[in-house]
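Each of the two complexes below includes subunit A, the first together with subunit B, the second together with subunit C.
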Partner chain A sequence: MAEAPMAQSYPTRWKRPPVLLTHPVWRKIILLGGLVYLVLAIQTVEVDWQRVYLGLERGWRFVQGFLVPDFTSRWNDIYAGLMESLTMTVTSTVAGILISVPIGIGAARNLAPAPVYLACRGIITVSRSFQEVIIAILLVAMFGFGPFAGFLTLAFATIGFLSKLLAEEIEDCDRSQIEAIRATGASWWQVVNYAVQPQVMPRLVGLSLYRLDINFRESAVIGIVGAGGIGATLNTAIDRYEYDSAGAVLIIIIAIVLVVEYSSSYIRRWVQ
Partner chain B sequence: MNTQVPGAQSSWQFRTPKQTLLRWLGWFWLVALTVFCWQVMNENTIWAFVIDAPDQAADIGDRMFPPAWSYINNLWEPLWDTINIATLGTLLGILIAVPVAFLAATNTTPSTRFVRPLALFIIVASRSINSLIWALLLVAIIGPGLLAGIVAIGLRSIGFIAKLLYEAIEEIDDKQVEAVRATGASGAQVIDYAVVPQILPAFWGISVFRWDINIRESTILGLVGAGGLGIQLNASLSTLAWNQVAMIFIVILGTVVLSEWVSAKVREAVL
Partner chain C sequence: MLKLDKVSKTYKTGDKALHNACFEVPAGQVVGLIGPSGAGKSTLIRCINRLVEPTQGSITLGDTELTGLNRRELRRARRRIGMIFQEYALVERLTVMENVLSGRLGYVPAWRSYLRKFSPDDIAQAFSLLDRVGLADHYNKRADALSGGQRQRVGIARALEQNPELLLVDEPTASLDPKTSRQIMRLIRTACQERNLPAIINIHDVMLAQQFSDRIIGLKAGEIVFDGAPDALTDEVLTTIYGDEDWTQLRGDNAEQSTDPEAPAVDLAEGV
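Right after this comes the complex of A and B.
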């Protein structure tokens, strides 16, 4: 008779404990806060459903344009934009690598003295904190419209990306190899050349190819603010409501991104 | 003892002559390609503008300083809109990305031959097109405003979240899945009890990371009419009110730094 209440106290149903936010009170507070925010946020979004409904027809035309793209009627514009984008991508990546290698070495704590380190880290922070589009706006205002401003934008953005990752890679280097080379009486340049460079080279090649890929994607965007490239062509096509030409441009962008991505991953595997 | 092995080189070389030649050729092609691209790119560059640039930069810098501090009162509402675009857009992206990720992961997809390529195509298409381009399209289609921005951010986020999430799903521990399946669980129950708990930390980490990126991107979406701070930026740029532009840049920078801090804290707590 004493066993019956004992058996009842065992729960017959199992409730799964939460994986995250295990504290019950905080869980409720955070969930409630999220809900309140959502209600407030959705209330401030004013949607003109009439306009959206009218737009559906245009949306359908865009889908049709994407499915049956028109490469021919604006081919000259598309070709010019594409050439600008591709040349801009190559030159800005090369220039960006050339500048970011010394900055990356300077931003590595194990190779550079403190003042150089701080200066290089400062350059990296400035380059990383602003978006490409904002830099492009400023540079277009300074250098005028066209791919030269785009080239500068992409090169500047490349510096922040590549130097930071290169510096981290150098800091992760195997110390014993550096010490071994230094023990032979090598100068600083020889240490960089014979101990650090062979260790970081595969990674540097991989990162450069990855940045090439990113720069092409970004070159399609900064054209919208006047920095040349295929983005300008796309912007014009959409302004003219030529959705079939816009579809063609988008398909070309997707195809090139795919080709660059696959070939760069192939080269990276081959290098590493 | 001055004997030399026949055929051996007098000095040590790091690479064989053939390797040296190939590397030399590779570098030559790279330089040639760069020079060629430089020539093509700068065919239409007006160098007078480029030479003039330092003066222009000094002029713009002069006009930017001091920033129009009082202009910040016009920026609170666009700032709220910007944060909403990023947050609601991320939520929209998550809603679509989660099923796509499960369809794309080799261990949860119903069919590797038909469904998986389709899911991978969705991921690639979403990833290749920047959110500013999505916004450009959507403003033309559904009209300017917050909705276009939210949908643009959502569409761009699908590829990012789905790609990282399906990679996380493919890396889960199979033993747990087997154990749950051995209890007689259905397919949905296996996903609920064996897969989801394993990927939940990764899922929150990815989502917050994307939210952080989306805050950055939503600050400029207004340039093409999709709401937020970018609209004010566009207005100030077109009236050449550089001191207002400077103030907007300061607000954008502050928002980005803050969102990065929040995202780092959340990821630290989750992972």
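Right after this comes the complex of A and C.
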């Protein structure tokens, strides 16, 4: 065959074909329908402009209170709440980690037999299906006001979070390292200790520190429903219209979260 | 002595990885197992220590029938079989010493291995093996701080620490440069000679296999298509195993490559 005198001309224009909604008519109908629904839905939201105005005014008083935080007049309450929160956070995190590690190992498909796997995944699902505040309300009703209910709430929530992420980390482990240790004649415990633990340790430390951070913040929230701690102090301050003391509490919470954040990123780099 | 009788493996997916493999390996013999990717080489050596369960056939090591063992007996049998892996399969976050000592896991109870309390004999042997493979000074380094060749030496030391009766070697040189590959093969070869240890080396590089084995077994699509001396590996045989290729040309290239002065057999510490 003779060669063409000119190079073959290729198209110079290309458009990415639609991926999800390939049918041109249905695509238009669905997008238009979605838009119409959105407009109608927004119109059903009633906005009372007078209440917005009053709310903004109250908000401004918050801001004024926060700008001049008052640490001194309620210091004893703040200090007690803070200590309660910190105790609750640390104890619940430690207890949560101790319980999470065996559950996490049991929930890893590459280490646990099917019945254990299903049981542990069940525990994780139960723990994860309720938000902390709901568990706190239940536990406060069961055990009364105070930090004990808070401790139980946070420990319970920690189990769902930590076991799940630990199990996923174990499942992502390098299989050849596990195989190599198994090939030496090691028992199950030895495989966990020699092949899995070194691989997941940095991640476990990182997750635990992250959970410590979350538990501290949650301790402020669940205090509002009666589980003790700095949240209770904050709630009392707002109820008494003492926005300057509330501002002091918020500043302390922010400061502690910052400290935990910076130290955890440092520790994670150190254990790598 | 190792004996395989009609060993077959069909994976759950229906892939017939191995079909009626029969052969015997006497003490001290180094067998090179060659064949194209997917021919069942890895499956074959993993069937022997039952990291992969064979579907049919019997495998005997010494007086022990490996295929019928329960879990405890299997662990006892595995500690008699040393294994060296492709990509080394060291536990990267453990130290070199811990990796070598993990060869003793089958012999020590879990609490001792957890506390890293190995017997003085085990520790002395680990030091002597590290010295033997030229890594005497590196015992407290983390495994991921070593180069590829060094890591494979640790892998060899770990396998020998088991005092094995059989060595299974899976692609020991897959990610190493030609010179380091030769050093590693020579190290495995001398270790086998010193201990009168039989070995099965699964290897891609035909020339390397010919140079360092007493016997070659060729696998193709799960069947043994060649079993004989390295010299008997003619171009026709290679074509049966791998399909058409200009083998003479390949051999020529390889001969040129290996004309560079070879390192003496004892100098194992160099090229790190």
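To be clear about the criterion, the second predicted complex is superposed on the first by the 215 of 272 C-alpha atoms of A that agree within 3 Å, B and C clash if a C-alpha of one lies under 4 Å from a C-alpha of the other, contacts with A are read in each partner's own complex, and residues count from 1 in each chain.
Rule of thumb we're sticking to: a contact is a pair of C-beta atoms (placed from the backbone, for glycine too) under 8 Å apart; a residue touches a chain by one contact, two chains touch by 3 or more.
Please read these numbers as outputs of a predicted model, since none were measured by experiment.
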Quiz item: What is the contact status of A:F151 with respect to subunit B (first) and subunit C (second): first, second, both, or neither?
Solution: first
Exercise. Return first, second, both or neither, reflecting whether A:N110 touches subunit B, subunit C, both chains, or no partner chain.
Key: neither
Quiz prompt | Touched partner set for A:V225, first subunit B, second subunit C, both or neither | solution = first
Quiz prompt | subunit B versus subunit C as contact partner of A:S263, first or second or both or neither | solution = neither
Quiz item: Of the partners subunit B and subunit C, which touch A:A186 in the superposed model: first, second, both, neither?
Solution: second
Quiz item: Which partner does A:L234 reach: the first (subunit B), the second (subunit C), both, or neither?
Solution: first
Quiz item: Which bits of subunit C are touching subunit A when the two form their complex?
Solution: 49, 51, 75-81, 83, 85-87, 89-94, 98, 102-107, 110, 113-114, 155, 158, 162, 168
Exercise. Using the touch rule from the top, collect the residues of subunit A that touch subunit B in their complex.
Key: 16, 19-20, 37, 41-42, 44-48, 51-52, 54-56, 58-59, 62, 83-84, 86-88, 90-91, 94, 129-131, 133-134, 137-138, 141-144, 146-148, 151, 217-218, 220-221, 224-225, 231, 234-235, 238, 241, 246, 250, 253-254, 257-258
Self-check item: Of all residues in subunit B, those that touch subunit A in their complex
Solution: 30, 33-34, 37-38, 40-42, 44-46, 49-50, 53, 56-57, 60, 80-81, 84, 87-88, 124-125, 127-130, 132-133, 136-137, 140-143, 145-147, 150, 193, 197, 200-201, 204, 216-217, 219-220, 223-224, 237, 249, 252-253, 256-257, 270
Practice problem: Quick one: which bits of subunit A touch subunit C in the complex? Just the residue numbers, please. | Solution: 174, 176-177, 179-187, 189-190, 193-195, 198-199, 201-202
